[in-house]
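Going in written order, the chains are labelled A, B and C, and every chain counts its residues from 1.
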């Protein structure tokens, strides 16, 4: 495996196989599997889980890591092609990325959506340009404009762990946040659940529908796996019989890149905060998932996060476990 | 040992035992003792010694570390309970801390005093709330509102190393600083010296007395160990026969959390800078201790720091040595 | 080897010997050579290559690293002697550096030129003061006011790798940058090429001549190695038959430390950007070198950086390789 950039690049069987490797490494640790191997981590954006778990996972397999954060101890980086660099950025990704990759055995990159041009973001223009620059080394996407495959893999494992049926109802629900957040996690969770074969419902207010290309891609995955994908703004209808509420904040797609219009659209939506009564008509065993970080009492209420339905900490811990499988597959059991 | 949060939680004998382990690891290094173990470090505040020595110590025992600094590459964290998180903080410690602890084998947390409510700070309200969130993993306090046990343990070892008698006179002296600093180091040094059995004198100007609960706690430790605790604002009296001057800056306890009143109280105190003449009536062998960082020529003069009385570098180096013992005790010789 | 602070401190034979060790470690890796050894890295300035490659190199030899960045998670540091520290800096290098060095087995320091007093910078006043403070540990200069020996060693190796003749023409050319940059790389590249025995030409506009002491030092090295050193502002003359164009940005030495005068001097010089036509009269095999980071289309055009003449990525990768030799020589094959 040379690339782990989008869970959609893998078949259902390949995902299941990776999850089995993850489980095997839990039961039979391999503390020297990646001895001498170095992971180079490039973070253009904030991180807690990814930053910590990638380093911890590499350590637990015997390898090590270094971290580069442009603008914070390292030069700001230019990503546009052909520009005369007379501004703040002192280095271009065309040098910075190949240099980093030449120092390590595997690279991980976090680069959130630019958030101005929806088509460019859907096409992963920025991330793909970076990926081309590290063509000679394995690469892990640590969250790009539209993809967060490590999160999706951890979420899949979490549902397996807690016994959510393969065909269960998975409700991806928009929740409130003070400002527009990227589409990477919702689009990835949507596709992951479809790929798993679930009855996926996207619940979101008007103006926040996920872009058609993402919905279509998920529908194709569902068709292949025996799942379904639908969307609605009717919460009662969506949550009926749900086995998972996957809460996520995202920006208004009807006003992509327009902060003012986005703010206007979300102004009246602060009641989109998951509370215990959201579970009134779900399956009794329904669980609450979220990728974290989460803003308490704006996106999800304390009563839910601190209650028995929340599996957010399990999802986070699974990040470590599945990423170790990805690293192992890339560097040890090369396929 | 599951917690190393306050040296006062340990008996004199347990401290001596830890120091013996530290010495043993110097004489008989165990470079693989913690192979495969990961230390998660969470810094809400600046650090040099702690940041460097915790990582170096873990490495020298065969383990590894990762570092998280909220607000600097990682999301700002909310610590208050029950609030609606619509401000700067994107993550709550109720998620952030359990997640970090689930990635590592031992955690270290630095969280200085909030500095507004003296009672809350004395009761370690903030740190205790964090400690509860990592209940399943060993935890090291890297400086909280009122406690800096790694520093205290290094200081104790330093006095042993240089032959300061167990019952010697230990003068904890306030020294000048441009602004109010926290009480963690003075309160910890006070208690450590009392616990060691010393004749402890707190020397401080009016308005800077250490809070009564801290003085009382130290007096109880002194009673158990055969030591004494007193306080005065008379420098001559305090320093008479001293074997250690432990210099430290701290805020006006008479105006806790009031920066203006604090500034007024300290305005005329810039002569509280340790100079060679402070040693005129001490024991001839009297040494100067300080936890570092220290502002030269405001808190302590060059002539003292660069002279033979200063043992500040030895104290700092002992941080590495004693912390390796703490890590070893927690992860290898579990008791 | 206790110090790697200036390539000029080593004879041509010693440099060749280090490069042979570098090559040996590529062919016969020693992944446990530095097991248990810790590298302490102190960065007063931004870094990508150095920050990543020092950590990666240490890892690939079995050791580990920690990183301290004053003002960014660590206290700001005072470097001046004798001052009363009542400003922003909370720690003096007289404490901070010995403390760091007491935690590690080898130290690396990056401290760019202060850029105000040319004599002080040429004499490495600041770096030498720091080096004295870590007298007990091996020390690597990661770029000081006038020296960047790791870069020079990597550049030397790069020319060996690609077959640049020992006596070939090496043109160190000033190129445009929006503001004054330090002299460390140009002065080090100049001396390195002279030491290698090359026909060195410094090509720079009026006002940007390298300081006489640096030119003289390079001329002495050339005399010893059979090389030559000259300078000109005539590009055509300089590039005639060149085998290497080593592009570098630097500040106006005629107005050292005067940002306004520097800006005036460089205002009309934006055509000093390396383009393909710079190679019209060079040797056909002429290569483009640069230490990176480089501003595209202001210092060097895309057409050159993306063309076959550029060896900038090879130079960067050689940083890793030669630094591993330096670390190995210091800690394993102590000479």
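Everything below uses one rule, namely that a contact is a pair of C-beta atoms (placed from the backbone, for glycine too) under 8 Å apart; a residue touches a chain by one contact, two chains touch by 3 or more.
Predicted model, so just to flag it, every value in this text is computed and none were measured.
**Student:** For chain B superposed on chain C via Cα atoms, how large is the rotation, as a multiple of 5°?
**Tutor:** 120
**Student:** So chain A and chain C: same face meeting same face, with over half the numbers shared, or different?
**Tutor:** On the two sides of the chain C and chain A interface, the residue numbers are mostly different, under half being shared.
**Student:** Determine the centre-to-centre distance between chain A and chain C, using the mean Cα coordinates as centres, and give it in whole Å.
**Tutor:** Each chain reduced to its C-alpha mean, chain A and chain C end up 40 Å apart.
**Student:** Hey, what residues on chain A touch two or more of the other chains?
**Tutor:** 64, 72, in rising order.
**Student:** Hey, which residues of chain B end up touching chain A in the complex?
**Tutor:** Against chain A, chain B makes touches at 35-36, 38, 40, 63-64, 66, 68, 72-75, 78, 81-86, 89-92, 94-96, 98-100, 102-104.
**Student:** In the complex formed with chain B, which residues of chain A make contact?
**Tutor:** 29, 31, 43, 46-49, 51-53, 55-56, 59-60, 62, 64, 69, 72, 178, 292-298, 302, 305-306, 312-313, 316-317, 320
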